[in-house]
Every structure is written in C-alpha cells, then in structure tokens.
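Each of the next two complexes has chain A plus one other chain: chain B in the first, chain C in the second.
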Partner chain A sequence: MNPPVRSAFVDGISFWAPRLPGWELARQVLRGETTAPAEPARRPAPALLPPTERRRAPDTVAVSLEVAARACEAAGLDPATTASVFASTHGDLAISDYMCDTLVSTPTLTSPIRFHNSVHNAAAGYWTIATACYAPYTALSAHTSTFGEGLLESLVQAVTDGWPLLYVAYDIEAKGPMATMAPSAGLLGAGLVISPRASAHSRLRLDWRVVDGASHPPTVASPGTLALVQGNAMAPCLPLFEALATGRGEVSLALGPGLALGVEIVALECRG
Partner chain B sequence: MVATHTSEERELAEMIIAALNLEDVSPEDIDPEAPLFGDGLGLDSIDALEIAMEIAKRYGVQIRAEDEENRRIFSSLRSLSAHIQQHR
Partner chain C sequence: MTARNGASPPASGAPGRRLPRPGRITPVRISSFTAVSALGRGRDAHVDALRERRSGLRPNDFTGTPLGTWIGRVDGLEEQVLPGRLAEWECRNNRLAWLTLQADSFIEAALQARDRHGPGRIAVIVGTSTSSIGASEEAYRRLTPEGLYPEDLRRPIVHTPHSLGDFVQHALGLAGICVTVATACSSSAKVFAQAERLLRTGLADAAIVGGVDTLCGSVLFGFNSLELVSAEPCRPFDVERKGISLGEAGGFALLEREALAGPWLLGYGESSDAHHMSSPHPEGLGARLALEDALARAGLEPARVDYVNLHGTASARNDEVEARLLADLFPARTRASSTKGWTGHTLGAAGIVEAVLTLLALREGLAPGTLNSRRLDEACGPQIRLENEPAAIRYALSQSFGFGGSNCVLAFGGELPA
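This part shows the complex of A and B:
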C-alpha cells in the first residue's frame, strides 16, 4: 500500500554559496540561463546582528542568517513570530577542531567565545537573538540524511502546527583531522519557507510522502551543480533546489536507513 | 583628547582588538584611561573572559574569575597593562 501523499506550499526560497550567492542568481544558473561567476563571493555579513554578536559570528552564523533572512523576506514573513528548523550535518567543525586541539594541549586556555559558538544550535540561537524571536526552533543533524530529515521535520511541524515555518540548512568548511572523517568544503546555505496552506506568496506546491529507501535511492544533482559547491556536506539539498529552480520535478531525499522522502515540485497557476 | 599609550598599552590594545574582532576600532581609539567595559567599546563579560585567556596565553599572567581585584584590574587599558607588567 502506498503511503498517503501530503501537500505543502513553498512561500520563500533562498540560497547562498560562494559561486551561487543568492537565489535569483542560483535559480538562473540551475535553469541553465546563465553561468556561475568564476570568482567566489565573500561570506555574507550578518547585518541583522547587533555589533557584539556580529563580531563573534562564525561562518555557520553568517551563511545561515543570510538565507534565513532572505527566505522570510521572500515569503513576507515576520521572523520574530516564525518557528524554524535549522539543519547542519556537522555544525561548526572549524571550532570543533579548535576545541579538540586546545583541550589536548592547553585545556585551561580555551577561548570562551569559541566555546560559546561551538554548540550545534549556535546559528539558530544567533538567529533568534537577531530577530528577537520567541517562536520555537529546532536544531538537528542526521549525518548524510540531514537535509532530508530537516525537511521532513519542517513539513511535519508546518502541517501539525498549521503555520508557515522557516527551514534553514547549512554546512561550512571542515578543518583539521576530523575533516578526513567528516569532510565538507566551502560554505552552503539554503532556506525555505514552508506553508501548510497556499498564500499570496506561494509559487510552488510540494507534494511529499515517506517511501521505502531501497527502491527510492537519493536523487543526485547534475555534475555541473555539484561542481559549483565543491564537496560541501549540505550538497544533498541540491536536487531539490534544481527542481525548485525549474518549477517541476521529483526528487528522493535520504532519511536514514531504509527510508526516503519523496518530493514532487509542482508550479502553481500564476495569480494576478 | 586621548592620552598617549605606552608601548605595552599599545600592544595590549592591538591584542584586544584582534582577540575580540572589534570592528572599525584602532589602538588609538582606545583611551588608556577610559573604562574598558560598558558603553564605549561595547564589551561584556564574555569579552572579559576572552581577554583574560589571551593574557594568560601571551603574557603567562593568570587572572582568575573570582579575583576581587578584577573590577580594578579591568577598569581601563592602563590598569590592565600595569597589572600585566607587574605580574609577568
């Protein structure tokens, strides 16, 4: 028996990678309408943050706040009252490497600022500080299934709570010995606002169901797109963003052992 | 007018700016006699811990969180620098 198909709506999309800095450009590149810039863009400045938080913001915060803000803008949503899901495969491996190295060599000389930034929910925490948001947030990681699990969590929360929800997925560059076990290169951030009901901002419908993983292997992005993000751990998000860029397509996203999230993107009729 | 820095104060000011990633602040902007914490530079208690850690690393001077003298030691760049020079 096939599991039921459920629907949600995409009210806002955002994307940031050094060679695809911003959804408008990324969308055109993924549609094959233009080529990606040869020069990588500088990391986005987390302008939303007050000065004290801004100067302490690591790459995870810079890239995730950029896409979080742009997705909310696109959806016309007030971030202060919007629940969110933040997903990252590895969190901040640059800081994890620093922490491990320091704890071995000079444990009493651990930087309190880096310690404070080392937690997996740092990006979500900075976002809620920046936007004075008291709505709930979830920070999750599920190794190579992180993007799919984060999307499933977002869909379930949006449907069960009945409100639009912000989904942010990101990974940064891995450093040190752990980079050999948990590799990730460059920065990649992707954001979606998912709504349980069609709104004036809805442009795409997302039909989804949880399916058997063995018969639905994860969709692989095109080699050209993969080359642009150079081995970032959040690359499993790319097939969905290719479908969002063209406004149609079916993708399968890994959900851990034995399961997958089947997603079909359907363009909505243009409204006047 | 900002008072002149000693060479030790200037080095300490540079260390603080780098350690805290202070935006658009140069050593000359840190008045050696003005309060380090509060409104001026916008520093807080996490910054105090970070500065203490950097001082231990660079000068080998330990400033403990429970030290009752901390308020005086951290009152200005000048007093912090003097404390380091006396204890290094």
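This part shows the complex of A and C:
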C-alpha cells in the first residue's frame, strides 16, 4: 500500500550557523552563488530579549530565538498566535555539563537560574514569554532522528489544526566530559513556518509522506555544506535546507530505525 | 529572564490574542494502562493506597549530600536488571521504564498490539523531564583520571534525552514513529495529544504513550535552589503548605482507535503561559486556555465534569492560581483534588501517573481527596476536597503545568458524552 502524499506550504525559512549566519547568505552559499565567510560570526543577540539579557542568555535560547523570529518575519506571521514545535537532539549541553559538575562538588550551590534553564523546553519557554504567545508549543528529541521527527510533528499539527505553525530545530556546542558521549560542535539553528494552505507568503510547496526506512536511507548533505557546520548534532537538517535553497529536490529524513519522512520540495508558480 | 516590557502579556484575566477554539475530536480508546510509583507497582497498588490514604512519601534517603526533604521513591529499582539484549540502555530511568512495562502485563498488551498492527504502525510517544541524566551525573562522579566517563557508562544513548523513547521502542520491538517529549512537568500529558494527532492522520494504528522520570541530583538540588522543596511531606492546597515533595514514577497507556473496550481519551488542551520560566501566570491564563480547549475537544461543559485531578504541587503560587481557576469555572458539585500527597511530584511522569489515577477514579467510582493537607487555602472553592468520596465519575480531567509555562489538560470518560 502506498502511503498518501500530503502537501504543506513553506511560508518562512530561517537559518543560523557561525559560517552561515542568516538564510539570505546561507541560501546563496547552498546554491553555489557565493562562498561562506572564512571567519565565524558572533552568536546572534535576539532583539526580543531585553538588552541586559541578550548576552547572558544561554546559547540554546540565543540561536533558537533568532531563527524563530526570522522565520515568522519572513512569513508575515504574528508569533503571539502561532503554535510551535521546538526540536533539539541534546538540549542545553552547556548547562547539563554545569549541573553534573556542580553536583559532584557543591550540590547545594546549584544556580536556580541555570536549573530552570536546564529544561529541554527552556528555549520554547523564552520564545513564548518574549512574544506574549499563549498558543501551545512542544519540545522534543529523537536522538539522530530529531530533525525528521520534529518536522513530522509540525506537518501533522498543520494538518490537524489547520493553521500555520513555527518549527525550530537547534543544537549547541557540547562542553566538558559530556562532549565525548553527546558530541556537538558550534551552533546551528533552523526555522520553518509551515502552512496547511497556500497564501501570499508561500514560497514553496512541501509534499510529504512517511515511507519505509530501509528502502529510503537518509539523504546526505553535500560535503561542502557538511564542512560548514561540522559536527553539530542538528546537521541532519542540512539536506532539506539544500533543497529549500534551490527550490526543488527530494529528501529522505530518518524517523528512527524503521521509517523515513520523504519530502519533495516543489517550486510554486509565480503569481503576479 | 523576563519578557521585555513592550512584549508583556495582557495584565488582566481576559485572554489575549489566541487561536480559534478547536472542534470536537473523535474519542480514542485506552485499551491498557498502568503505573509504578512510590505507591507500588500497577493499578491495584495505586487503588489500595488511595483507599487506605497511605502516602508513598518518605524522608530523603536518596542523595549523598544530605537534603532535608521527603521523596516518593520507587522500591527495588536498584535490584532491577534489564534483559541482556537491552544492556546498552542500562540506567535507573530505563530500569523504571522496564519495571513499568511489566506491571499489569502492559508489555503483553503492547506486544499483542504489535502483532495486530505491525511494528511500524505503533508509535512510541513518551515524556520525561530529565530522562537518564542520572547516568551522566554518575559518570561525572566517577570520571577517569583523564577526565573521561568510566568505561561502563560509555553508552551515548543514556546520555541524551531520547534515552527513554529509544529504550521503550527497542524493548517492545517496535519500528514506528518514536519521540521523546520533554516539556518539563507537562511532558507525559502532552504525549496523549501528540499520539491522538498521529492516530487521526492515520500515521499510526496504535500508540504507546506515557512517561518515566527518576530521582536524580539535578532535580533534588535544582528545586532546592529555587526554594521550592518542602521539609515535610507536601500538603497541596493547605493554607500552611511549604512546598513540593519530589517523586519518581513511570506509566504507560495504549491508545487504539479500533479497540473494543477501555475508557476514552475524549480531549486535550495545550497552551503557553507567556509569563515566566518557573512561576505560573498570576491569573492562570494559560491554564485556563488549556482547560477550555480540552473541554471543547471533548464536547463537554464544565458542569458535566465529575472529577478534576489537579496539578496541585503544594508550591505557594501554583496552588493559589489553580484553586482560583477551579472556583471560577466549575460548579460546587465538581470534585477536585491533588494526589501529590500520595506520589510526590513526579515531574515528567506526573502527566501519565495522574492520568492513570484519574482513569482509576473513573473505574472505581472513587474521587480521591487530598492527602496530608489539613486546612484548605482560602482561595479554594467547594470543588477541592480533602476527604476521599465514593462518586459516580463519568467524565474527568487531569491538569499538568510545567516550567517554561507549558500547560496540558486531558479529558477522559468512562463513556462517550451525548
């Protein structure tokens, strides 16, 4: 039995990595129109946070708020009424390292702010606080299938609820002994606004279905792209963003050991 | 951190801009369910403890560094052994997951569902707050002189949040959609919502939902740093409540649209507080939106709700806000209580454990009261009860609210609303 193909629309795209800081530049680099800057950019300082808090925000919050805001802007969408799905393979690896280290030596001196920032949904929490958003969010993880499972949940919510939705995927750099078991380098954030219906903001159509994983191995990004975000745990998102950059292509994203999310990016005809 | 001034949510109780109210959903059968907590293993142990008003809380005997608080600890976890084929996932959290799968023969029901539908057609959607971070904490205590994890803990899968979902999927030999939801204390309530959406869209024929969270240094000393843990057994909604008692627990439910018997998941509601990372919205706005959406999806009016299992952590702020919300929305005949005096606050497992207690209340015709509490806060209306009461419960809600302002309310029924 062939699984049904469903369609959604991509209304907003955002991306941030130190050597691909912003979708405009990333898109040109992934299309081969320009080369990536040699020097990594400094981490984004989300304008949504008060100035005093921009610098002390955890990396997870900084990178995810940046891509969340840019994707909504591109889609002309009001974040205050937009549901969201946040996906991260390992969550805040820097705070996990801090917590584990502090618990060995001085557990009673654990920082209360770092503790409440250690939850996997901290980035989503800050996003909804900063945008006065009462709409639901979720925060999930699925190890090496995190990007695919998060995208699938976003597509399913768009189908079932019937309104546009924000998808944010991110991972940060691992610190301390934890880096050997949960390796991740640099920052990577990727955002999409997915809509169940075409609108004036729709850029591309995204046809999707869940297929057998054995006959649809995960698509691998080009070596050039992989080198630009080397070692970040969210690198499995790259093949989709390569297809989004060129405006067409088929991509298979892992959904655990047995399944895959098959995605085809289709250009929309220009409408005057 | 707080929102910048210009982006503050509305100050009044009036809902801000919001998404449209959802329509009714097709109810989903819960063909099997179980839980393991400080009250014991399986449904009967929980019913007995409820009836006998026997708390599972004990003075903290878990942390190496002393911490004067009471905890809901699961006995026998240290002796529990995973089968050899699952050795890679060995850790306290997955041992509790394994123990919970055995309770009430849940694993048999799950494997029969696998045979009926096929391994790729059963989703695993489970919630946790800290997953197996306890294994990472242990690795840091036992680092080699080179600063590396000890050899027995060099297993990447137990040092990442998806440890739980991956373990459950492998333990049951499943190959479908598999996600670990981690939205703090709403995690294993939100799994019902995500699973219902997968069933509705036909991406799965059945779903294993639930959650597991185990005691670890991170949460005990973390909640201690926020000055939220109580030195005595927690007293939800008591005027003299002094904070929470932490606990550990696991629970699972099997959701199947085509099942012939079992209670129903009637609806769910999810929302955000848009207020603060570790403190609830002062007027309970997010909680109210989640509650209203759960009732809308279930097709229920507040007056038809017989019992509400409250989040009721015994923290000063949560209980005050939640009590006012109940008093505002429900008639006096609706009974409501917090069961955290029995189990403690089991964090990422609270959603599923309290869903199970709510389903047991439906089945047994028993509205649990609120254990350990003596005199109710004046914010409480007549809905919140201290004593257990026999009651015909047809429709019931379970509320779970988490750090990061994540709210989820579930609606269950022993029968379908007209």
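A few points about this structure:
As a convention for this text, the second predicted complex is superposed on the first by the 265 of 272 C-alpha atoms of A that agree within 3 Å, B and C clash if a C-alpha of one lies under 4 Å from a C-alpha of the other, contacts with A are read in each partner's own complex, and residues count from 1 in each chain.
In this section, a residue touches a chain if its C-beta (ideal position, glycine included) is under 8 Å from a C-beta of that chain, and two chains touch if they have at least 3 such contacts.
Bear in mind the structure is a predicted one, so any value in this text is a computation, not a measurement.
Applying the stated contact rule after C-alpha superposition, one finds that A:P112 touches each of chain B and chain C. Counting residues of chain A touched by each partner, chain B versus chain C, the larger count belongs to C.
After overlaying the two complexes on the shared chain, residue contacts for A:L49 are found with chain C alone; chain B is out of touch. In the superposed pair of complexes, A:E24 makes contact with neither chain B nor chain C. In the superposition on chain A, A:E73 makes contact with neither chain B nor chain C. Taken together, the two structures place residues 56, 108, 110-112, 116 of chain A in contact with chain B in one case and with chain C in the other.
Listing the residues of chain A that touch chain C in their complex gives 4, 48-50, 53, 56-57, 78, 80-81, 83, 89-91, 96, 99-101, 103-104, 107-108, 110-112, 115-122, 124-126, 128-143, 145-146, 149, 152-153, 156-157, 159-161, 163, 177-178, 180-182, 210, 212-213, 255-259.
On the chain C side of its complex with chain A, the touching residues are 1-5, 7-10, 15-20, 22, 63, 65, 67, 119-120, 129, 133, 136-137, 139-141, 143, 147-149, 154-157, 159-162, 165-166, 169, 174-184, 190, 194, 197-198, 200-203, 217-218, 221-227, 270-278, 285-286, 289-290, 402-406.
Against chain A, the residues of chain B that register as touching in their complex are 20-23, 42, 44, 46-47, 49-50, 53, 56-57.
Put simply, chain A touches chain B in their complex at residues 51-52, 54-56, 106, 108-113, 116.
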